[in-house]
Structures are given as structure tokens and as C-alpha cells.
Amino acid sequence: MLMGLFNHWVVIALMMIGLYIVIAHGNLIKKIVGLTLFQTSVFIFYISMAKVNGGTAPILADDIIQYSNPLPHVLILTAIVVGIATTALALSLVVRIKETYGSIEEENIQDQDNQTFEQSNSQKDSKQEKQA
Amino acid sequence: MKRHTFNLFLTLTAFWLLNSGHYSALMLLLGLASIVFVLIITKRMDVVDQESIPLYLTPNIFGYYLWLIKEIIYANIVVVKHIWRGQKSICPALKKIKISQTTDMGKVIYANSITLTPGTVAIDLIDDEILVHALHFRDIEFLEGSEMDRRICLLERK
Amino acid sequence: MNLSLELMLQLAIVVPFLAVVAILVTGHNPNLREGVTIAACLILIYLVVNLYQGLALGATISVLWWELLPGLTISFNIEPLGILFALIASFLWLVTTCYAIGYMRSHQEKNQTRFYLCFALAISAVMAIAFAANLFTLFVFYEVLTLSTYPLVTHAGTEKAQKGGRVYLGILLSTSIVFFLLAIVSTWFVAGTLDFKLGGIFSADVDKTLAGILLVLFVFGIGKAAIMPFHRWLPAAMVAPTPVSALLHAVAVVKAGVFTILKVCIFIFGLDLLSVLPTTQFLLYLAGASVLLASLVAMRQDNLKARLAYSTVSQLGYITLGALLATPSGVIGSSMHIVIHAFGKITLFFCAGAILVTLHKSKISEMRGIGRQMPLTMLAFFIASLSIIGVPPAGGTWSKWFLMMGTIETEQWVLMVILMLSTLLNIAYLLPISFHAFFPDLIPNKNQPNKCSNKAATSINKQPAIGITEAPLPSLIAIVITTLGCLILFIYPQPLFELATAVLTNRE
Amino acid sequence: MDIVINISSGLCLFVGSFLCLSGGVGMLRFPDFYTRMHAAGVTDTLGSAMILIGLMIISTGFLVFIKLVMILLLGMLIGPTTSHVLAKAALHNGLEPQLGHEDADNKETTSSNP
Amino acid sequence: MIIAATLAIFVAMILAIIRGIAGPTLYDRILAVNMFGTKTVLLISLLGFVMGRPEFLDIAIVYALINFISVICVLRYSDTNEFKHTPDEKESTDKEC
Amino acid sequence: MIAHLPALQVHLPVLQVIIPLMAAPICLILKRAHPVWLFALITSGLAFVISVLLLQQVMTSGVISYELGGWQAPWGIEYRIDKLNAFVLLIITSISTIVLFAAQTSIEKEIPKSKHTFFYILYLLSLTGMLGIVATGDAFNVFVFLEISSLSAYALIAMGKDRRALWAAYQYLIMGTIGATFILIGIGLMYQMTGTLNMEDLSQRLPEVAQTRTVFTAFAFVIVGVCLKLALFPLHLWLPNAYAYAPSIVTAFFAATATKVAIYLLIRFTFTIFGLSFSFTTIPLQTLFMALGLAGIFIASTSAIYQKNIKLLFAYSSIAQIGYMIVGFSISSVTGLTATLLHMFNHALMKSAIFLALGAVMYRLGNVQLSSFHGLGRQMPFTMAAIVIGGLSLIGVPLTVGFVSKWYLLLALLEQGWWPVAVLILLGSVLAVIYVWRLVEVAYFKEPLSDQVPVKEAPMFFIIPIWTLIIANIYFGIDTRLSVQVAQAAAMSLFGVTP
């Protein structure tokens, strides 16, 4: 049973590691690394799921009769493309965050946001007082 | 510029043809499409510049390669020896060495050759000095005023 | 004009609404704007009187406007209670408009167009409530009424007005959403219909506990009836200009509340079911407590409008109580009290407003001796007070009489005692006002020994020869009309009585 | 002929494997990042090359052969570049190399990581 | 012999992983990951021959390219403070990475 | 016109998705912002026409199945339109078209000129993604379209003027990707158990293996993933900032459509694919969702009350409204589901109107802080009136759409005898009164701040779409035939009840 679901255990371990990185790390790039790991674990899950006993990789060749299930591979190709797009977009966001906030640490960014929030509030308050 | 783009086109085409293995019309067309796509992107990114492929070195470079391969083999044996004999056999060193190359290409070839031979790594290249880290200080001594420098200068002279 | 009654019924709702548009258009010209309002008032009265006559001749009218969901319609019909409410509302709209013209102009209020506009909208909603043929229609316009009177409450635009508006809207909307709507949906779910039907819509074997809970939900949910503990909006709405207070406390809002309670008791539950529900007794005592407590609170108020507001809470308790007694006498008493209290309370508010406009006084302690300056106003105040208290020669006598009869018929001795006690309290908090106005030096004011009252007293003494300065003429006319109404209702209550009696006997 | 091919290929593969293993061992045994880099270099150059050449010898089709050559070339291009970039980044970001004493020669080296 | 070579490469990869886990500096880890990548390329090539599927070489090429790109990417990012290696911070960096 | 071309009629399901997809690259060719806007508007309008035709077709002749590329259903990708799909498609395309009408004016002040073309491209891609999710009958395709719409959503949100938009987009990206990946895992597990990805096929085959742990796991992953996308409490943290700092048009579009699509997915997965008996009897989904929905209503509404940024306020309100939909869903009765579907439609009408109006305020004032609304009731009467009517609809005042859905929700709760929940739902409306009225008071009863430059009413390009939506708000609040009929029919078919 434990061995039969070997691939599941690997996938779950990878997934948990990925999620842990996303949650625990304040560095935006590291979060993306975690996210990618998390996604990749799912890709592995699909691919391992496609394995047919005695079947080989589903790359067409003349003298081979039994292949593994090619459908998950195809699906995951799509998913990988999507994943790359996500990662690229995320990285570009991080670049712009770095440009505007000057930091890629979650804490710093949130501190800055809170400060601007308080500032704008106090400005508004003073406006209202003037009004009164 | 155009010449470089054309070279790049040829390289990519060769790369595609050698990797594909499928030569149906559809596949070839798709290949062409992707090559054109890559060319457009490189054009937009403005990376096809003067550096490109140093084809003008060709006549002498093969001789140098042969010599370099010999050096690499020799250096490999030395490093493997160090590995199995353990830490006590090594004596790492970091040093700047003078180089006599004048062109950028020559400097780069020298630096890369240093890195390619096990036991030495070129870390930085500033003007006419290369910062080298070596597994054993003797390796650096060997590099200083060595054959490699001379051979690359020969290549440069053409 | 040969208009069919159906058309008239619809016009009664649409005319005030058209007046809204007309007021909006003519807003830049005050004379025209107010002319439009008065014209709309007159047309409305004409329509409602016609409907009343139609009803008297035994006509049955029902109009379906729209079917929102299957079985859930916006539709209207006429029955005596609705006509009674529509009559009083349309007539008092005219009177209040008269009064408002004088008040608003002399007070130089801002946003007068918005005032008349919302006023007309509120009346439109009131007409729709009066003629609603089912609970859903009633609910829809109940909410419209709340929303259209909100700008009136916050008319002044000050922080205080906003605060009052917040309480007003908060309580009325919350109760209507949380309790009233829930009760409506549940009623729909249990009975399968929301159409008003004499004798109720629940089947005989309905779960009594469930129906009892529903009754509680209705009484709490109809926040406009101001049963304690959901009465806070009424005093909070005191910040509004006086004509608005008159509208809220005498005509539109509170009367819509108690009218809805009566409608629910008579046409949703039916008196038979009502009398056997387990929660009726509890609600009766709640209404009784409301009557008594509000009277007690009223006594402690120095602000005249606040005192009148708590008086209203108390008087609304009478009407709810009468409805919940579930006897013909109770219903007749309640129905009549809707009208009679309307005349009485509107007069009182008109007087309060007149005092504010001409003498700039709002505290009772400052009003000693003003009878010399405003004799007519204070006389009206006195007569209206008598009507509220329920003694001759004012109309209140009759409604109180029937309510008392109701408690006796049902052997609710505790409630009877409460009513009597409350009458005493009414005397205690209303009569001294006019009394002191005419005889300032007869009894030294012990209740209000603060500096403020002393100052007021001395200021009066310093300028004794100020002469008669009554309110602006339109306002004075309004006061006189409503005061006469109080008297006429005592002398000639027959049509009102007949109408109230017909509520329970009219068959469609 | 087959035997020649098999033996030469086997030899190449053996040498390559040995070099790669040695590289791995060196990764563990050497004291600091910079020295370990040299160990990795062993595997990247001659180790890979020998294994790929071994495969080339037994390869069947032309395309297979070409692909192996491609992999070899890529490795040769990429290996030094990464090494250089890595070392440069490490040095620039303040990672100091452990240096031996030239006079001590083989006898003494600086303390190392366990 | 091919199988033996495959095993040898496999062992080398494990050794690289051990270094990757042990660190201690970030650069050791990058180096280990890079070496792991280059060995993977070899492993795929060898496996292709073991399993009689030389088509795997395509994958090896792609893998080599990706490995290169990923290392370069990580190093491009080395400008940030996170990568600054100062002896004082060594402890904390060790934990972080 | 299209209706008279039978050849095209057959292809409507795929055209629904393909047209906006193809339009996106064409925008790249058109390049200049103005023609691109017109083109996008026409595309969206065309999609709207198609969705209307599809709804007509479904209501008269039942489910439409379209096999992509001629491959038969279990093997090829099937596009499948039933009443539910058609209904959601209609919501998306109609809102998209109306919102797009105001886009050109709105982004003029919020997005740099050079990015306008990209804005429309991303908008169309996002639209494509959403339409694809709804139109497809293939579980994996759902994931792909989900990512198409999400990726463009992240990029669109990041275009916001405030730098916090970047941070919000990043957070949304992380959460959204985790959600999508969860869905992917779930789909993979289902595929492992059944060997099919076709939804119809899955629904046939899943019952046989329903009692295995794998299917439970699959279900859990899918539901959590969808709930992340749905911003169901407590997975809602990404939503407020994303909506508040995105360009106004984007907020108006997404607030009205994105969560609706997620609700659609939730319904599709629980009702169609896993089946009613599995979703609600073997798993205590009812209690869980009821609790989460109610918690969402109260916590989000309370948060809304304290917001000073009005977009943030209404973003929190959106989370609360999602709570209502979830409560209706969790009742798992025809009436409850009808309420949810109705509220999907109605909430789309309310929120797109409100956020467009806020976009108009943004256009004139440059921000949507509460303090900027001082005296705005007089300066921008039409815009503010729209917000007020939208707010009344949120509260659920009769004669607005909000009332209709609340009515059905209450009815559904009473059918089950869940009185306390009904009371809680109504209390939630009271919270809505509070947060709407804070704005009304400031707008109508405060004088404009002394340093505030007097502003004019918003331009026509705002007023027309805003009031189209507001009139729809009232119209569908009075004439409920269309919305109720379709919602009820969809709910009935999901329960397998014949009308």
C-alpha cells in the first residue's frame, strides 16, 4: 500500500514543501519558487499517473507496441506552459514591485502600505478639521 | 547586423533540422515559423549585436582546441588526484594575473580557457588582469607567463 | 368628470407622484411650486372622497398593477379602514402644506423644493399603503415611505439632524427587514398567499405557536407603530422641521405603522385567530407598558417637541392595544383613534412650530405666559390637548371610550387600569403647558427650578407689552382648521364611527 | 569490429563514470565553495565528455550522434559560463575563499568544514 | 557498462544532493543544483540508451538548456540583499536558505 | 442575423469562446487605442448576441452539445451548453459589453496611454477565459481557461494607478495559482479513477467509485480550489485589495463576473460531476458551507462598515454577497439554488453599476476615499443616485433586484425550517444598510470640503452604461419573469426535476 502509492507520497511531500515556502517565506521571489515547486509536484503527479505497466514513454517509434498513457502528458504540456506564463508574470510583477517599493520583502511592503494609508488618513482628517 | 541575423537564421535552421527528425512539409513549415518567430524576438530584444559568432578565428583555433583538450585532460587528472588524496593535498589561492591579450575576444577566450581547465576558475576580468581562484597555488604559477597566454596571443595575431 | 373608480384609485396613488415631478420642474419658482402642491392636494381629496362615496354605495374595486412573482402582486383595493386612512392623510396633507408654506417661508429654510418633493412622495406612498390589497404591496410602499421621509428628517443637514436620521432610518429599516420581511415571507410560506382577507388568511389548523411567533414578528417589525422597545426613532426624528414632525407623528409615518398593525390583525390573522394566539397577551401587555412608560418619559421632557413625541409613542400604544384586543370595540376604537389622534397631535405640533417660528422658543419651561402673545395658538393647543387626553368637548373622548369598552369586554382589567392611569398622565404632561401659558404666575414652577427657566420668566416680565404676535397666516389657518376638526369629531362623529364599524362588516 | 566498438565505448564510459564519481566525492570533501567548484568542473568537462563520447561510439543513427555532439558542445559552453558567473557572484557578494599558506605547502591547510 | 555508468552518475547526483542540502552557503547549493542538472542530462542520455529509446536525447538537450537558464536566472537575482554574504549573517543565512 | 445562418447556428457554442479569443491578437494589429476599443466593444457585443441566441436555443430545445474538431465526446473536447451555462454566459457577456462601453473614458485617466491597447487585449483574453470555463464540457479545459482568465486578471489588476495594485495583483496571483493548482489536482485524481475528463462522462462514472478515498480527496481539492477563486470566507483575503486598487473598469467587470464564474464551477462540480447525493449526503458540505457563508456575510459586512476607501468598502460587500450565494447553495434545494442563481445575476447588475459609478468618481476626483464624497450628491447627481440605488439593491429593498433574490433565499430557508439562519440573513442586510448609508450621508449631507475643486457630473460614456445597469436593476426587480424563469429552470434541471 505504501509502495503502491509511492508516487503520491512523493507528490504530497513536494507539494507540502512548495506550499510551506509560499506561506512561510516573506521574500517574493522565494514565494514564486515555492509556487513553482507546488505546481511542478502536480505535473509529476499527472505524469506518474499515466504510467502503464510495461509501457514505455509515449514517443512514437516503429518497433514499440505498448506506450504509457499519452493524454496526461499532453495535458501537462499545456499546464507547464500555463505555469511558465504564471511564473513569468509573477516575476515581472516582482520587478515592478521592486521598482516602486524598493523591496521584495513582504513585511517591508506591507509596512510601507500601512504608512501611506495612515498618512492619507491623517491628511483627510486634518482637512475635515479645517472644514469644521 | 543583417549578416548576423542571417547567420543566426542558418544556425537555428541547422539546429532545427538536426533535432527534428521529421521532414514532412508541415513540420518544416512549423519549424520555419518558429525560427522566424525567434528572429523577430531577438530583433526586438536587440541582442543580435557585434559580438555574435567569432568565425574569423577559424584557421588557427582548431590547433588551439587540440592543445586545450590535452591541457584539460591533464588538469583533470591532477584535480582527481587532489580529490582522492583529500584536503591536505590542496592549497587554494586567489590571485590576479596579468594578461597580454589586446582584444576583447582574446581576453574572453583566455578567461574561459582558464575556467574550462579544472583546478582554476577565472572569477573576474578587469582591464588586463584576470582574478583567478585555483585549487593549488602552483596552478596559478603555471598560468603566469605560461603557454596558454602565448597561444591565445598567437590566435589574436592571426 | 366621469372617471371609473378603478382609475380614481390609481390616480390617488399617481397624483401625488406626478406632483413630485411637477414640483421638481417648478422648483425654481416657489409660488408655482406650492401652487402645484396645493392643487395636487385638492385633486387627491376629491379622488379619495369619491372613492369613499363609491365604497358607501357598495362598490368593490381592485386593481392589479404587476405580478412580481407568481402570486406575489402589487395590487390595490378599497375597504373602509383604507379609505379612513386615505381620507385623513389626504386632508391633512392639504392642511400641513398650508402650514408648511407659512412655516418654511418665515423660517427661511433651505432646500424647500426637496422638502415639498419628498413630502409628496411620502403621501404617494401613504396612499399606496392605504389601498394595498396585499401584505407585499403594503411592505413595498412601507419601505418607500421610510426612504422618502428620511431626507425630511435630516432636512437641516446638521450633525444632529444626521444623527437623528441615522436612528430613524436604522430602526425603521432594520425592524422592517429583520422582522417584518421575515414575517411576510413566513406568512407567504405558511398561508400561500399575502392577500388581505377579512377573517384572516391562515387556515384553522395552523400551528398556533408559529402563528404566535409571526404575530410578534409583525408587531416588532412594523417599527412605525413605535411599540417599545422600537420607539427610539420617533424622538430622534424630532430634529426635523415642525411640519415634518407633524407629518411623521400625525399623518404619514406613525399612522402607516398602526394602520399596518390593524390590517395585519384584522386581515391576516383575523380576530378569531388573534384571540387564541399564545403571544397576544404578551403583546397586549407590551403595548400597555408602551402606553404607560412613554407617558412617564413624556412628563420628564422639557423640549416641547420631544414631549409630544413621547406622547405619540404612548398614543400609538393605544391603537396597537385596541387592535390586539381582537374585539369589535377595540378595532373601532383603534380605527377612530387613528383619525382623532391625527387631528389632535397635528394641532399640537402646529402650535409647537408656530411658537418656534414666532417666539423662537422650544423649551416648555420658557413658555410661561406666551398665551398673552399667541392666544389663538395656545387655545388651539388646549383643545387639542383635551382631545389627546380624551375628554369632552374633543373627539378623543369617543375613541378612548371604545378602547375602554374593549378592555372591559375582554375582561382585561390590568389594561383598563393602565388606560385610566395613562389618561391621568396625559393630563399631567399636556395641560400644564397651556395652563402656564395663560396663567404664568398662578403656580410657581417647582419642576424646573433651573436657571434657564428663571431667566425665561424674568425675560417675560421685562417685556410684558409685546402684544399679540401670532404665527404666519397660512400656519394660523391650518391650526384653526385642525382644531375645528378636533371639535367637530366630538360633535359629529357619526360618519367616522360608521366607517370604523364597516371595517369589520364590509364584505367584498 | 563490434568488440572494438564495445570495448572503446566501455572504456570511455568507465573513465567518464570514474571522473563523475570523483567530482561528486570532491563536492563533499573539499573545504569551501570555491574549491568545490573545481571538483564540479571535473565532472562538467572531461567526465561528461567521456560519457558522451562513449555513447557516440555505440550510437546507431546519424541524428543520434549529432544530438550527442550537441549535448557535448552545450555542456562545454555552459559549464564554464555558469562556473564563472557563480564564482563572480559569490565573490562580489562577500563570500571569502579559504586560502592555503604557500609555504606550508602540503603539510598544513586552514581549518576546514567537517 | 552503460548500466554501470548510469549507476555511477546516479551516485554522483546523490552526492550533489547531499552537498545541496548540507550547504552551508547559498552558492554551494546553487553549485550542487547545477551539477545535479548537468548530471541529469547525462543520466537522461544514458537511460535513453539503456531503454533503447534514443529519442530521450531531445529531452536531454532541452534539459541542458533549461538548467543553464535557471542557474543564470537565479544569479541574475543575486543583486538583492538576500544574497549578500557577510560572515556575521552566516548563521542566519544558513537557516534562511 | 446569425440566427438565420443555420451553418453558424450549429457552431454557436464554440464561437462564443473563439470570437473574443481571436479578437485579442487582432487588437495587437490595430494597435491604436481608439479603434481597439471599438473593436473590443463590437466583439463583446457579438459575444452577447451569441449568448442570447444560445439561451434561446437552450430554453426551447434543451442541452446543446458541440464536439470540437469532430472528435466524439469522451475523447475529444466537448462544449456543452445547458440552462445553467447559458444563463452564466449571458451574465458575463452582457456585463462585459456594458462595462466596456465606459472603458475608453475611464482608463484615459487611470492607465498610461501606451498601455491602452494591452488593456483591451487582456480584457478580451479574460473574457475568453471566463466564457471558456462556462462553455466547455471538459474538466481539464476548465483549468486551462481558468488560467487564461486569471493570468489576464492579474495583469489587469496590476495596471491600477496605485502602487498597491501591484502588491494586490501579486497576492491574487499566488492565491489564484494555488487555487487553480488545487483544481488541477482534483481533476487529475478524478481522471485517475475514471479515465475520463468529460464532465458528462465523469458524472456517469464517478458514482461507481464514489466510496473510495481518492474520490473524496479529489472532491476536497476541487472544492477548496474553487472556493479560493470564489473568495469564500476565510479564503477571501486576496479579494478586497485586488478589487480596490485595480483600474475601475477592471473592478466593475470582475466584481460582476469573476466570482459568478467560480460559483458556476462550484455548482457544476458539486451538482453535475460529483452528483448531489455524493456532495451533500456523504460529505457534510451543507453545514460547512452554511457556516462559512454566514460567517462571510457578517465578517465581511462588518469590515465594509469600517472602510474609508469606497472601492474597498464595496469589495468587502462583494465577499458578503458571495456569502448569500453560498448560503443558498448550501440549502441544496431547488428554491435555494434558484436563489443563488438569481443572486448571481442580480449581484452582477448591482456591483457592476456601483463600481462603474465609482469609476466615474475616480475619473472626476482621482480617488474614492470617503472624504472625497463630501457633497458629491449635488455635484454628481446621476452618479451618486446610481450608487444609492445600487446600494438599496444590495440591502434588498423591494422593487430592486436585490429583493427578489433575498425573497427566494428566505423562502428556501423557511422550506427547511431554518428560522435562525433566515434571521441572520436579514441581520446581514441591516449591516448593508449601515455601510451603504455611511456613504449616502457623506454624499448628500456634508458640504464639499473647502479645498475641494467643484466637479462636474461624469461624462456620458459613464452615465449611459451606469444607468443602463441601474434601470436593469429596477426592471429585473419588477419584471422577474426572465431571470426567475431561467434560474428556476436551471436549478430544476440540476436537481433532475422536470418542471
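We just call them A, B, C, D, E and F in the order they show up, numbering each chain from 1.
Everything that follows uses one rule, which is that a residue touches a chain if its C-beta (ideal position, glycine included) is under 8 Å from a C-beta of that chain, and two chains touch if they have at least 3 such contacts.
Note that the coordinates shown come from a computational prediction; the quantities given were computed from them, not determined experimentally.
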Touching chain sets, computed without chain E: A, C, F | B, D
Partner chains that chain B and chain E have in common: D
Chain nearest the overall C-alpha centroid of the shown protein atoms: F
Between the pairs A-E and D-E, the one where more C-beta pairs touch: D-E
Chain C-chain D separation of Cα centroids, rounded to whole Å: 97
Mean-CA-position distance for chain E and chain D (Å): 12
Cα-centroid distance, chain A relative to chain F, in whole angstrom: 24
Chain B and chain F, separation of their C-alpha mean positions in angstrom: 56
For chain D, residues contacting two or more additional chains: 18, 23, 25, 37, 67, 70, 79, 81
Touching two or more other chains - residues of chain A: none
Residue list for chain C, restricted to those that touch at least two other chains: none
Residues of chain F touching chain A in the complex: 140, 143-144, 147, 151, 154-155, 158, 163-164, 166-167, 169-170, 173-174, 177-178, 181, 184-185, 188, 191-192, 197, 308, 369-371, 374, 447, 449-451
List of chain A residues in touch with chain F within their complex: 19, 22, 28, 31, 35, 38-39, 42, 45-46, 49, 71-72, 75, 78-79, 82, 85-86, 89-90, 93-94, 96-97, 100-101, 109, 113, 120-121, 124, 127-128, 130-131
Contacting residues of chain D [partner chain B, same complex]: 18-19, 22-23, 25-26, 29-32, 34-35, 37-39, 41-42, 45-47, 63, 66-67, 70, 76, 79-81, 83-84, 87-88, 91, 97-102, 104-107, 109, 112
Chain F - residues contacting chain C, complex: 392, 395-399, 404, 406-407, 410-411, 414-415, 422-423, 426-427, 429-430, 433-434, 437, 441, 444-445, 478-480, 484
Residue ranges of chain A in contact with chain E within the complex: 27, 29, 56-57, 59, 61, 104
